[in-house]
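Input: structures, listed below.
Shared chain: chain A. Partners: chain B in the first complex, chain C in the second.
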Partner chain A sequence: MKKMTSRQKSEAIWGLAFVAPTIIGLLILNYYPIFETFYQSVCKTGDFGIGNEFIGLKNFVTLIHDKEVFRTLFNSFRYAAVSLPVTIAISLVLAVLLNRKMKGRGIYRTIYFLPMVCAPAAVAMVWKWLFNQNYGLLNHIFGTDINWITDPKIAWISVIIVGVWSGIGNNMILLLGGLQDIPKDYYEAAAIDGSTGIHSFFHITIPLLSPMLFFIIQTGIIGALQLFDLPFMLMDQSSRAWPTVKTITYLFYEYAFEKGDKGYGSTIVVFMVVIIGIITFILQKTEKKWVHYE
Partner chain B sequence: MNKTEKKPGIGWHLKQRMTSGVIHLFLIAGSLVMIVPFIWMILTAFKTKTEAISIDPFYILPQAGWHIENFIEVWNSYNFLLLYKNTLIMIALRVLCACLTATLAGYAFGRLKFPFKNFLFALVLIQMMVPGQIFTIPQYLIVSKLHMLNTQFALVLPGIVTAFGTYLCKQGYQSLPRSLEEAAEIDGANVGQRFLFVMLPLTRSSLVSLGVFTALFAYKDLMWPLLVAPQAGATTLTAGLSRLQGQFVSDYPQIMAGAVMAVVPMIVIYLIFQKQFVEGIATSGGKL
Partner chain C sequence: MKKGIIIKKGLALGLSAVFVFSMAGCGSSGENSGNGGSGGGDTIRVGIWDNNQLAGLQEIADEWGEENGYNVEFEVLDWSTYWTMLEAGVQGGEMPDVFWMHSDNATKYMGAGVLLDLNDYIENDDAMDLSNYYEGITELYNMDGAQYAIPKDHDTIAVIYNKAIFDKYGVEYPSDDWTWEDYADAAQEISEKGKADGVYGTYCNVANDQDTWYNIVYSYGGEIINDDRTASGLDEQATIDAMKFVADEIVPACPPQDTMASTGGDTMFLSGLIGMECQGSWAVGTFADADNASDYGWALLPYADVNGNGQCEPGERCSIYNGLGWAAYANTKNPDAAYSLISFFCSEEGQNKQSELGVTMSGYIGCSEPFAKAFGDMDISPFVDIEEKGTLVFRPYSKDTSLWMDDNSEILVDAWTNPDNMEADLKQAADNMNQILADE
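Moving on to the complex of A and B:
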């Protein structure tokens, strides 16, 4: 190392001291666990969760043939594939409508954002009641007799309904922030060239919002894979519709903690890391094609 | 209607008014969709069980008076006082730890030169990229081996340090002009003094964002309290709710009373500190 002046030396000591709590914490609470999880994924957990026996890639072989892993993965992806476009479309419309001087702007924002400050566990309980087949508000209002959360054909849509309802506010705030960063003169210049509202929306607003949209899509897909509390609280795990909404993160929870098989639970997590890595890679590859950075 | 967009006249104003009316109508309809579940939750919580499941006629308001017994019963049998206390302490400790460690590290990463800086910052970034579930089993085992299950320590442990918060604070410190610090340095202030008296007060907004984010995250989290604090007296609001739902399977008024008690404090805090909440979300993005 180069010779340091006493000033540089003191700065180095301060710097290391300042990052020390965070780095030590990360090492113990995050980096040791990462290695431990990888290690456990190649182990068989002994009875009562005691003792690990090295079994190589056996867990991964099991995982590849485990239909439940792929079914829960499918459930998570289906959730993302439907809920993300719907949430983005609605929040984009709301953001555009609210991105102007108008009466009640703050009130609307407050209301749409409300579910964001509520625990998903509580939100799910409220919706479970709204969805109740016999006494629920939804069937009352629409005069229907739908098994919202016990019919395997419908339950996954119900989970998405709650997910969209909860997520609109968050995305609306993010997109509103993005909209406010777009300079007004872009639209004025376009208007002089004869561009109308809709045309400007697709040729100015969308391209300039694309970095924010990209961010929302990326975090949304990864978030869908990690979905746990909403389906867990909304559905009975004994219901016949449960297998159609069970997420891969729940499968991990089930193996690691309910069945006590930490080895296979770890294998599922490692699998999730790989999947998230692949998604991130694919998204980064497509990013250049449609995301515009200034 | 006249097409007089270029020259604002009566027609133009009328059109503007109409558009604005349609927009409001749309936004109000949307607001109803957002708010009705909350209203229904509150109304149900004040009903008797028979009222709640009476199909016909379809009463909206509680008919037999506002029935507070649901709240009292749920409050007592689930010891909500303890749930509030546990949740509040957990949130307070997590916010304190996260802000403290993150602002120190953020300042160092954003402002100071020290050995291994890039490598150490890479550790921060990589932690943010992996899914949190990868930490769960080993963190649970750490708590369990220390015989600390069902303690406040267990609830707080994963939130003592924060990679995301460190990143957020680093951005905050980097955006401040260098001249401020240089002036203090000429005056003979050492790094610690410069941090504490000059820089720290200027990054209040990123600390507030981090605080809001941490508090909301801790309040919403379900899996971790379910795992490490399954005991009724040691757990948090969310995990308490999951037990409540299991117990009162069909007593919806009581379940709703529990839900009301779980969400109302945070909603009140949100209504008071709206600006900070919205900024906190806008800076932390979809991570919540």
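Moving on to the complex of A and C:
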């Protein structure tokens, strides 16, 4: 290897000095906790982090036999599987509509983006009252008597409604950005060849939008599997529907922070890391099949 | 152009200055809190979780502070954040000097050596005699002979009722000789007559344990946990009978469980939708300040006529009581001042003042009288009367109370919607609870 000149050296040192705050931050706030989590997952943790006792894979054996882990994992997956396609479909349609020249375009874009600006906890609190069976606005307006957030058959759908409502804005903006990158020439050329609007949408818009769609799907799945605040804020734990919406991230929180069992909590997190890793791997493998880069 | 650059530079400088100063601010405030001991003007940090008590406690603490030359600074957090803060504080070594302890977590904190052992201080303090305090609370904060906290208060339960609702449906007000059956009958009558108006007789969700169904269980001779705290009492026959009564007579007079799971009891009562409910003395402030406070009355907790002689015998009218303790951090830089403050809070004078100001009832026996008159026109004497006319039972606890308490409520949700499952659910809850107790 060639020796560095003093100028290169000085550049390297200054370069390191400038990225040091970020590196140190990452090391302390991200990487250290990651290793600590893996370590705690093989421990029976003591109170206040004192007296951690190594117990090997015992926590993982418990986890495999823990029905609640798989029930909550199912809840998380169900949320992801339903909310993501619905969110993407609605925001794609909205993005295409709002990409045309039309009156009040800015206002519409702002309106759809507004839920993104609200604090998720505040959103959940407002919806909680809208959903209230006896005194809520929804049942009052529609003249219905639906147990929006207390009937085990309905509550998970209510959670998805709120999730979709608050997710549309962000996805719409991302898709709008993708749409504006598509050159007009393609549509003009297609129109000359006799392609109609719908046909163009499926054969030009979707393929050229696929990188952005891929990004949204990937981050969307991970985000949906990490769902925590929405069901937690939306419903009371004494509701009989609670077990049907309790997510695996909440189960981790319950063990680590409410029940003070950090070891088992960490085990759940490691389990989730593995699952999200597998999903990401599969997605990356399928990427080439349907994602078109210009 | 040039102007723009200058503005940008200025902004950057300003921002970094703010950043640096805020960091410095963090550092220095951290030092201050731990650096006491050198005399006047030092700060003692106190951690509590109930905002309703802040004003009164601050007044008492300031009195002590003026005498001894300290600033007393309160930090108020909500219940769950409080425990997260303490837990993180223990690990990071950044703790309030003086703070509240509670039966849910006391054993864990005492066992970890986080709390200052007060034995020597108590011995050297002539004014301090632990026999003046409620035994259950003193005992709770004692582990292997070491006293880690001194009782701050105790609470009792009473029935609050809305006179307007009782008048409207022509039901007699709750009286001191009511049994739980009378209570259930009146509640059912109100629910029936108030159906069209959406008014219900009473409110008791699964989580209303300490203020409602625990009292019923003990009045009927049952128990939640045995005396050694080694086994669950949920599967004992007396407990099962009491809980069947709750499921068959009390719950049907409540709003549907779905409604209770989405709207809290206090909210519904304050909105005039609940005839009566059981409330702890810690909650009086909420009702005394309400818009319709003049409609509200308080009555003695009912009793269970177990032997059927039509009279309330000892042990038939049980009020679950609990008490917080004032504890100090083991590594506080200022243990003498911390104890001195605790000792003042818990002194007869401090305890009387606490009752007078309507903060809570006292942990010092016989200082609760003034509490009954602390809320102006609202007569809350049933909270104090039950000390004589009833039996105080200390709130069931073990090392990991919250573990089985949370599980119990989760399991019992089913019995609240299907009363027939009560016995099976109690057995399931007892098995689960025994498992947790065995692991402690």
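By our rule, the second predicted complex is superposed on the first by the 289 of 294 C-alpha atoms of A that agree within 3 Å, B and C clash if a C-alpha of one lies under 4 Å from a C-alpha of the other, contacts with A are read in each partner's own complex, and residues count from 1 in each chain.
As a convention for this text, a residue touches a chain if its C-beta (ideal position, glycine included) is under 8 Å from a C-beta of that chain, and two chains touch if they have at least 3 such contacts.
Please read these numbers as outputs of a predicted model, since none were measured by experiment.
Chemist: State whether A:207 touches chain B only (first), chain C only (second), both chains, or neither.
Modeler: A:207 contacts neither chain B nor chain C.
Chemist: First (chain B), second (chain C), both or neither: which does A:258 touch?
Modeler: The answer is second: A:258 touches chain C but not chain B.
Chemist: One more residue to check, A:174. First (chain B), second (chain C), both or neither?
Modeler: After superposition on chain A, A:174 lies in contact with chain B alone.
Chemist: Using the touch definition from the top, say if A:240 reaches chain B (first), chain C (second), both or neither.
Modeler: A:240: touches chain C, not chain B.
Chemist: Using the superposition on chain A described above, determine whether A:152 touches chain B (first), chain C (second), both, or neither.
Modeler: A:152 sits against neither chain B nor chain C.
Chemist: Between chain B (first) and chain C (second), which, if any, makes contact with A:132: first, second, both or neither?
Modeler: Both partners, chain B and chain C.
Chemist: Would you tell me the residues on chain A in contact with chain B in one complex that are also in contact with chain C in the other?
Modeler: Residues 128, 132, 134-135, 257 of chain A touch both chain B and chain C.
Chemist: Which bits of chain A are touching chain C when the two form their complex?
Modeler: 47-50, 128, 131-135, 147, 149-151, 235-243, 257-260
Chemist: Which residues, counting only chain C, touch chain A once they are in their complex?
Modeler: Going by the criterion above, the answer is residues 80, 84, 87, 90-91, 108, 111-112, 114, 198, 205-207, 255, 257-263, 400, 402-403, 406, 409-410, 413-414, 417.
Chemist: For chain B, which residues count as touching chain A in their complex?
Modeler: It is residues 20, 23-24, 26-27, 30-31, 33-38, 40-41, 44, 52-53, 55, 58, 100-102, 104-105, 107-109, 112-115, 117, 120, 123-124, 127, 129-142, 157-158, 160-163, 166, 190-192, 195, 216, 219-220, 222-223, 227, 237-238, 241-242, 245, 252, 255-256, 258-259, 262-263, 266-267, 269-271, 274, 277-278, 281-282, 285-288 of chain B that touch chain A.
Chemist: Where on chain A does chain B make contact in their complex?
Modeler: 1, 8, 10-16, 18-19, 21-23, 25-34, 36-37, 40, 94, 97-98, 102-104, 107-123, 125-130, 132, 134-135, 137, 140, 165, 168-171, 173-174, 177, 215-216, 219-220, 222-223, 225-226, 228-229, 232-233, 249, 252-253, 256-257, 262, 265-266, 269-270, 272-273, 276, 280
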